[in-house]
Amino acid sequence: MPRTEHDTRPEGAADGAAPPLLRVENLHRHFVTGPPRNRKVLRAVDGVTFDVRAGECLAVVGESGSGKSTLARALMRLVEPTGGSVYYKGCDLLALSGREMREERRNIQMVFQDPYASLHPRRTVGDVVREAWRVHKDVVPKAQQEDRVAALLRQVGLPEAYASLYPSRLSGGERQRVAIARALALRPELLVLDEPVSALDVSIQAQVVHVLMKLHAELGLAYIFISHDLNLVRLVADRVAVMYMGRVVETGTAEELYGHPAHPYTQALLSASPGRATAVDLDDVLPGAVAGEASGPAGTVGCPYRTRCPKARDICATERPELGTGAHPSACHFPAG
Amino acid sequence: SPGGDAQAGRTGGSAQTLTIAIPTDPTSLDPCDSQAADGVGTLRRNVTESLTDVDPGTGKVVPLLALSWRQENPTTWTFKLRPGVKFQDGTAFDAKAAAFNIKRTMQPDLGCLNLGNIPDPFTATAVDTTTLRVVTKGPDPILPLRIGWVDMVSPKTSMTAKTSHPVGTGPYTFVRRTPGTDMRFKRFDGYWGSKPQAREVRYVFRSEASVRAATAKTGEADIAVPIALQDATEDERTRSYTQSRVFFLRLDTDKPPLNDLRVRQAIGYAIDKKNIVTALMGRTGKPTDQMVAPTVNGYVTGYKGPAHDPAKAKALIGQAKSAGVDTGRRIELISRNTLFPGSSDVLQAIIQNLKDVGLDIKLTELDDNAYKDKIHATNSSGQPVSMMAVSHDNAFADASFSFPKYLSSSGTVSTIRDARLDSLLRQADVAAGGKRAQLYQRAARWAYERNGAIVPIAEQFSLLLLSKGVDYKPNGLTGIELPAAQVKLGR
Amino acid sequence: MLIFLSRRLVSSVIALVGVVVVVFFLGRLTGSPAHLYLPQGASQEMADNFNRTHGFNDPLWQQFIRFVGDVAHLDFGTSIWQQRPALTAVTSVFPQTLLLAVVAMTLSIAVAAVLGCLAAARRFGPVDKLITFGSLACASIPDFWFALVGVLFLAVHLGVVPTSGQSDLSSWILPVATLMLAPVGVLTQVVRGAMIEALGSGYVQSARARGLAHRRLVYRHALRNAALPIISVAGDRAAGLVNGAVIVGTVFAWPGIGTVMVDAVLNRDFAVIQAGVFVIGLGIVLLNVLVDLTYAVADPRVRVS
Amino acid sequence: MNMAQELVAGATTAPPVDPGRRGSGRRRRTRLLLRSPLPLTAAIVLVAIMLVSLIAPAFIADAAQRQDLTQRLSPPFQLSDGFAFVLGGDTLGRPMLLQLVVATKTSLLIAALSVGLSALVGSAIGLISGYTGGWVDALIMRLSDIIHTLPSLLLALVILYVLSPSITNLIVVLALTRLPIYMRVARAQALEIRERVFVEASKALGSRPWRIMLRDIRPMVAPTVLTVAMLEVANVILQAAGLSFLGVGLQRPDVDLGIMVASGREYLSEAWFVTFFPGLLVVVIALAANILSNWLRAVDDPGQSALFVSRKSLRDEEVSR
Amino acid sequence: MSPLRDRSQPAPGSDRVVDAAASGTAPLLAVRDLAVDFATDRGRVSAVRGVSFTLQAGQSLAILGESGSGKSVTGKALLGLIDPPGRVRGAIEFEGENIVGWDEARLNTVRGPGVSMVFQDSFDSLNPVYSVGSQVTELLRVRQGLDRRVARERAVALMRQVGIPAAEERLKDYPHQFSGGMRQRMCIALAIALRPRLLIADEPTTALDVTVQAGILRLVRQLQRETRMALIFVTHDLAVARLVASEVAVMYAGRIVERGGIDDIYRRPAHPYTRALLASQPDTARSWSDLRPIAGSPPDKAGIVPGCAFHPRCPIATDRCTTEEPDLRALSADRLSRCHHAEEVLDAAH
């Protein structure tokens, strides 16, 4: 298991004895799209359930449009979910009023994919970080803010002098570290990382991953780490959830999932991932991949993956496979292994 | 091509269209509104005619559709009408038609603007086809003159609504008006009189003064009327004419500081008419001390008003001030944009004079509607103290068209409440001939010397510009009637 | 698309009705025009009479209700001044303005397209600088001043065009030029910018990489894309032509809606003002629909969605 | 090596040396301006005109209004009557030069105040409209449509007939007729910016809507509004002049450039300079403002950026490196 | 050789080149000292600073490097797509002729059937106002003189070839109706429509999902095998490069810093930058702590660093590196490196 020497997570947290830090239950987010006459319901997040335990890093993988970002935004209530519940330490976030939710935001923070877009271009790095304390006035008293900004910047590996710079002067990796510092400013317990490194060059990506994992280890932060890079996820995640068309199709510890992928989609993803693939096996990768996108059948009947699935049978078209419970559940009628 | 007409003047072609450039569309095409011509006559004497006319040379009333008239008693007149006259729609013009027109004009519902010259409506009945009897409410010595303001339209015209397609007895038939563009007449072959030269008359509307003048300069129009001083040419193509028009100021008399005679007189002394009028009005103005032109019977020959004397003005204001009059109060000088070309400059120069003697004056130029509202508001206590710039014409040369309105207590635009003036005017109104003139002149003198609410500035002259080869001699009536028949087109 | 259009049309017409309502109340604020239409010595009785016949005496809300009822039948009342239905008074001159506007706008777009493409092609060169400067200058000249100076030189001194009025073709020169001043100035810059952007865009680059000829790139690939901003700005400018038409109307005595509206304002001819506003507004609404349609024709992204 | 140390060490190498980006945007602009002859000229002309018309009237206001009928329409370019009459005398013999100075001040004041007013109000409304969306937005946009539907000149004409002509009313009317432009610009920008990730980030921090509008969106909208406002200065000067020309703008003794053009227009053939100079001044001011705003836009848009930058000046810098 | 080439105006002496290329004696492409700089309002930006390489027909070369290292600019320069204020120096010999300085008309004879390119941003590379079908048929009709019907058939065939399902129905669709992967496929279809002898693919898969990426990589390789087309594949992902190319050129700050066989370099990098790049790839790491980020920030194009451009970030930099610029040296027959300490690096990799 890809655990590091920095991991100081308390023993036993993973075995389910304690209540989870965050519990997402049957979360839905549907979008109504299309012209007025021809409305379509797009099930961007379609009944997602998972737990995140304190100090754990849960990775969410899936191809573009599978609903990863919508999931992140829905559980943060940046878009209002259309159904389900999100319990943070047992308290349902979706039932909170606007004011209460704003208070609760201290505990869950987010880092976005694009470091070029997520920082206000007309605000210095220091101001970006301080903004959090302007919103939540009691977190850090005015007098200490200066020191705290410096400390945060150091924590993410940036020199203090950066506090007076504008984001336009920084490289992508540096910006992403500023975004992380901002997320940390409120001392959250859970960070939602929506593809925090996929906009970055591989060389810079490593810098940010280092910072993130160090914080994960040192502060005992829990992560929801969204990514499409399976190679990277393998390195950072404790557990992995695979999403396909708004649904989680398989979860499990990183070790299990990479070693024994149960769902055909997970298998296809892993085989298409260039790190593992060689020039030879590229040719017999994922037959559905030629068709490209996740253009599965709409509706609530049957398995959404069946049109691309090499194992599909009649039952796949009529019965929707449910994600079971247990350590390594997968939503497939014919799971491998 | 539609352009042919406009080019006619330039090419001197055989189309024989007379093109006249005037500032704006007539506000009304109903002949009973013809006095609103505002400096330019269109319908009168072309499309419509009235019973009597005035000889511009002598100022005498002369026959037109009436051949002769007689005063039966102080309030009854009979008119003998010209026989054989036909309206352009074929209807015969007879005493009935004349009576119809008089009734139509007098009808308050119609709101004829010409009523402004007929303070006391009269009635008429047809005695026979060519004899018309007119009865006035009180004695009216100048009825034959006044009746000239009743322009005859075909009896087929509506009695209750104003027409926009006038049908008269004149030498030209109204063809059409295109609002904002032009108005066309064509020769009426059944005209009783002699046949005019131009087969067609076209009025084009050019509100921009310099553009209007340019149309005559380039030959697009045969006559541009009126034109501004600065657009006048040096040669004899520019003709000047008087409308017996005078530019004066009418002062409020009911609010300080203008309710004080000394302040009103000071204004007379303060204004350097001579300098201002010479410099700014040139040949379109002549300093005057009276509110009517010399042609009018109310003009006091030899009368001299206060000469320019700022020191005296200051002294008078000083006296008023020490007597407790609030001479520092701001006075609004109200004018209208179209008072006369260049009026804004003249008024600013006057304001400069008044400021120099210590008065606080502010110029307000209003559009016609607001201006007319103001000039009728003669004693509205809520309004700020003001004086109005007035340009008043009296083409028919009788003081009764001027004095009662401006000087009597009941005058619709008068700010003067003076019993002595009222009685003088009442007497003059019913008098005739020399006695009438004498009485009016006494009233005028009294008003100028004892009241000072009217501050005369300048007698005004208008200019028109003829295109090359066109001849027309303007006269005192040009402002209200410009008979196309009198215009000679070249070749 | 059609749904979008009809929704826009409906909301525009609602806005238009709003405009007319605002104008109604604005007009009434100026008071009764009785003195303007009555003789100088008019008695109060005559004034009352006048107000009664024109309904100015009724409480404002009654006037308003009557007005709304009439407008619902497209009856804007009778022009006090022209003594004919206000709508007729307006619609009889509207074609003149329309013709002038169409001519001026067509020419503007043509001139701007040529100049703008030229400037874009010679980007940064002297031709570009000259055109850019010239177009900025065009947009900076007050139209009335241009018109007056134009009359002075072309008509009075040189005598090549008539001073005013609508006669033969030469009489169109100055009014059209005056109207074109601002649109040409603005549109040239828009065309230039749009063409530079389109020519530098990825699709032109990649078409170039496939070896398509320059002319094809400019006229087939770039121009159609550049047309989008041009269409919307041209639409906006076309609506603004009414402003120019007012000036052209007064200076050149060009018959048209501008003159009629100014005269109506001066003469307190409420019915004509309201009808005029309605007609102009309707024209602009239709223009916007036209712009939307053109846009849809030029841009499949609009059409298809 | 300790990873964290390595990280910090890596990052502490001085921030990228980027001579182009050194200094703020304003400094970059200044530097660019100094290298672009045409916009520089425009800026100098504009600043000079502004300075003169702001300072001088305090000293010459009386002299400018002093009528001297002997100087009426006295021709320009003659020094015999003193420098004040170098541009001739107007129709009342007031010195044209001094009149121009006073008129320019009024014109600029009207333009600045009305542009400022409409930019402020319009962009505030647009921002709220764009950010809030929903029925508020729909309502506000219909309102904007109402104003936008009427040709501005006609609207101003109608309103100015109701109100009486004065500087304040003129400013208000001009501001009102130009309002939709800012409403649209600000709304479009707000619509776009509210979808940006940093706005979402701000929400994730727990910011209230007004805070997002004020602190996150406003600074992004401001430059665009400013550029539009700059462009509008020229338009408003032209429009104010147009209103004065039609006789509903200001009234003497208040004088702006439009009034000067209008009052001289009747003397066009006799004394061209009475109309010509104020007209020319309008053109100069509007052109300078147009050039500057055009250049400002170009500076921020890389696609157009070298619009007024001469290629030679770029090469010069290259050599000097 | 493609008969299509005869349609275009042949360059003088081109027959000789064609013969030579066909016989395999001369390289298809020889780039010598290619330098590209841009005059901007921030001064001169040197995007490419002397790049040289050769490519044989049928060969595939990956150009690797971090963002801003000049990969795309190099690719565009090969097609003569650098416009003022950009400036190209050096020589680009395609089939024996130096195309630098050619005018557009002449370049157009090479573009398409000679060299073709798939651009980085697929959304921007398709004209939004024309249907994808019309863009393909336009190309075929204009460049190959096909008539409408034949062009249409060819277009459908091409779209099938790049794996667009229901190609016939999708001809009339507009780019915005296509997904990212499909658009990228359309770009490839357009690029190969004229059967180019050299295809430059500029990060064709960066924005795509792994599954889609796999499909496109397979497509590119398949095409190359079928037509003996040479391929330049621009990417910043070493793992991806391995899938399509046999050779790799690593670029840093506008220069090639290392060149060699891809598996070879993968195993034994000979430049500290390449080594650092490999160390930061997640696919080779076993744990996140194995990832070695490259310290410091990417170089700046406008400021020229004296000495080796990589020295500010290089862990083994010596004084020599700060003053003396290294040359691209041959370490072995098929390995070049631009490092004073190349041998050390190579040895350390064992």
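By letter and in written order, the chains are A, B, C, D and E; residue numbering begins at 1 in each of them.
Going forward, contacts are C-beta pairs under 8 Å (C-beta built on N, C-alpha and C of every residue); 3 or more make two chains touch, one makes a residue touch a chain.
These numbers were taken from a predicted model, which means no experiment stands behind them.
Student: Among the chains, which is located farthest from chain A on the basis of C-alpha centroids?
Tutor: B
Student: C-D versus B-D: which interface comes out with more C-beta contact pairs?
Tutor: Of the two interfaces, C-D and B-D, more C-beta pairs touch across C-D.
Student: Measure off the straight-line distance from the CA centroid of chain A to the CA centroid of chain C, and report it in whole Å.
Tutor: Centre-to-centre distance between chain A and chain C: 54 Å.
Student: Taking each chain's centre as its mean C-alpha position, how far apart are chain C and chain E in Å?
Tutor: That pair's centroid distance is 52 Å.
Student: For chain A and chain B, what's the span in angstrom between their mean Cα positions?
Tutor: 89
Student: Which residues of chain E are in contact with two or more other chains?
Tutor: In chain E, the residues touching two or more other chains are 289, 293-294, 297-298.
Student: Which residues does chain D have that touch at least 2 chains other than itself?
Tutor: Residues 3, 7, 10-11, 15-16, 18, 21, 161, 265, 268-269, 306, 311.
Student: Hey, what residues on chain A touch two or more of the other chains?
Tutor: 171, 174, 207, 210, in rising order.
Student: Quick check: in the complex, which residue numbers of chain A touch chain E?
Tutor: 2-6, 63-64, 171-174, 201-207, 209-210, 213, 228-232, 234-236, 268-269, 272-279, 282-283, 285-286, 288-293
Student: Which of the residues in chain D end up touching chain A in this complex?
Tutor: 3-4, 7-8, 10-12, 15-16, 18, 21, 24, 196-198, 200-208, 211, 215-216, 219-220
Student: Inside the complex, what are the residues of chain E that reach chain C?
Tutor: It is residues 76, 79, 81, 104-105, 107-113, 116-117, 119, 121, 123-131, 138-139, 142-143, 174, 176-177, 187, 190-191, 193-194 of chain E that touch chain C.
Student: Chain A touches which residues of chain E in the complex?
Tutor: Its residues touching chain A are 66-67, 163, 165, 179-182, 185, 208-215, 217-218, 221, 236-240, 242-244, 276-277, 279-294, 297-298.
Student: What part of chain C is in contact with chain D in the complex they form?
Tutor: Touching chain D from chain C are residues 11-12, 14-16, 18-19, 22-23, 26-27, 29-30, 124, 129, 132-133, 136-137, 139-145, 148-149, 152, 156, 189, 193, 196-197, 200, 239-240, 242-243, 246-247, 250, 261-262, 265, 273, 277, 280-281, 284-285.
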